[in-house]
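Before I ask anything, let me first share the structure, which is written out below as structure tokens.
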Amino acid sequence: MVFSYEFSVDTRGFCDIHDITPEVKKAVDISGISNGLVCVFVNGSTAGVTTCEYEPGLVKDLKEAFERLAPQSGEYHHNMAWGDGNGFSHVRASLLGAGMCVPLSGGRLILGMWQQIILVDFDNRKRRREVIVQIVGE
Amino acid sequence: MVFSYEFSVDTRGFCDIHDITPEVKKAVDISGISNGLVCVFVNGSTAGVTTCEYEPGLVKDLKEAFERLAPQSGEYHHNMAWGDGNGFSHVRASLLGAGMCVPLSGGRLILGMWQQIILVDFDNRKRRREVIVQIVGE
Amino acid sequence: MVFSYEFSVDTRGFCDIHDITPEVKKAVDISGISNGLVCVFVNGSTAGVTTCEYEPGLVKDLKEAFERLAPQSGEYHHNMAWGDGNGFSHVRASLLGAGMCVPLSGGRLILGMWQQIILVDFDNRKRRREVIVQIVGE
């Protein structure tokens, strides 16, 4: 069985981090699938998905880590050609990855107690992001 | 068909790297599934999964790379709030990712000859890690 | 249903980036599968797969970002032991990840308009890379 679910998240950009675990769980509940794989994916080239302990300190720490990885004030060839100034956003998104799979067992996402699924929007402006939850299983 | 397998790994933290390919292969063998996807996932927010050529030199190189990415001695908001001192571990884990999928074809994981699946424990103490192998296929 | 497809890409190494979206789409078309997950995976320890807006500026930006992450001229234990000089390639590949999953819905890969699937070859020489597209769905 395959089940697709989509939801949108209003983001502010600049490494805006959202806990999307509740929406992913909702997709699992609606799907009726108990065992399989849950792929969480954002269709865009300036955002990504990963897991973290979602608490205010780590949210700041992640922003600072991405700033070290690809500084906003750095020079990017993308900016020179396109002038939209979000070269840093693209680079960060490619390094993090647009999606991830989480095991689903007995109707439950197999996450740690302090492990949430997060959407990270790296763009340099507000966006409405579409997140796809694709569940394959039985 | 969906098959779930779980095993534990005793780790020492501080970027402790384990070759878990044999356990993943064992899960594949037990499953009886020949073709599909094998998701290898660690349910925790201070560990991750990726692949590498598992040899002592690269194990050291990866530790040094993660130290550059998120230095242990850096300042982390997580540490200030919680006092458990593992902000660096969390940041590294979010950047690496908690899991990955490997194609399964003809009963065989499609890995390169020098490519092993590794568990990386970033925490700042000993842990017993649970690794989930979730196989979807036929 | 499970469908496997493989294609090869001739690469030049040194962070050589190829847009492989057309080949992945071709695999989807041949498979006849409409809904599910598409895993794109490179079986090797010095290459990786991610998404980006594939345009010449960002291709350069990504090369520069990987050079910051694991400089080619850095010192690597792998090089000291093996003498093949590609320690930087291995480290970059482990950080990026060897594969990713993309949702497939209504026969279409759910990618953004400016989001392509890319193969990144980090090795320090020419290679012929095998990329596996593993589709699970219905």
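Letters A, B and C name the chains as they come in the text, with residue numbers starting at 1 for each one.
By our rule, a contact is a pair of C-beta atoms (placed from the backbone, for glycine too) under 8 Å apart; a residue touches a chain by one contact, two chains touch by 3 or more.
Bear in mind the structure is a predicted one, so any value in this text is a computation, not a measurement.
On superposing C-alpha atoms, the copy subunit B sits rotated by 120° relative to subunit C, to the nearest 5. Two copies of one sequence, subunit A and subunit B, touch each other mainly through non-matching residues, since under half of the numbers at the interface are common to both. Separating the CA-averaged centres of subunit A and subunit B is a span of 19 Å.
Touching two or more other chains at once are residues 37, 69, 95, 97, 101, 136 of subunit A. Residues 35-37, 50-53, 55-58, 60-62, 65, 68-69, 95-97, 100-105, 110-112, 114-115, 118, 136-138 of subunit A are the ones touching subunit B in the complex.
Residue ranges of subunit C in contact with subunit B, taken from their complex: 1-2, 4, 37, 39, 41, 43-45, 69-70, 76-82, 87, 90-91, 93-95, 97-99, 101, 132, 134, 136.
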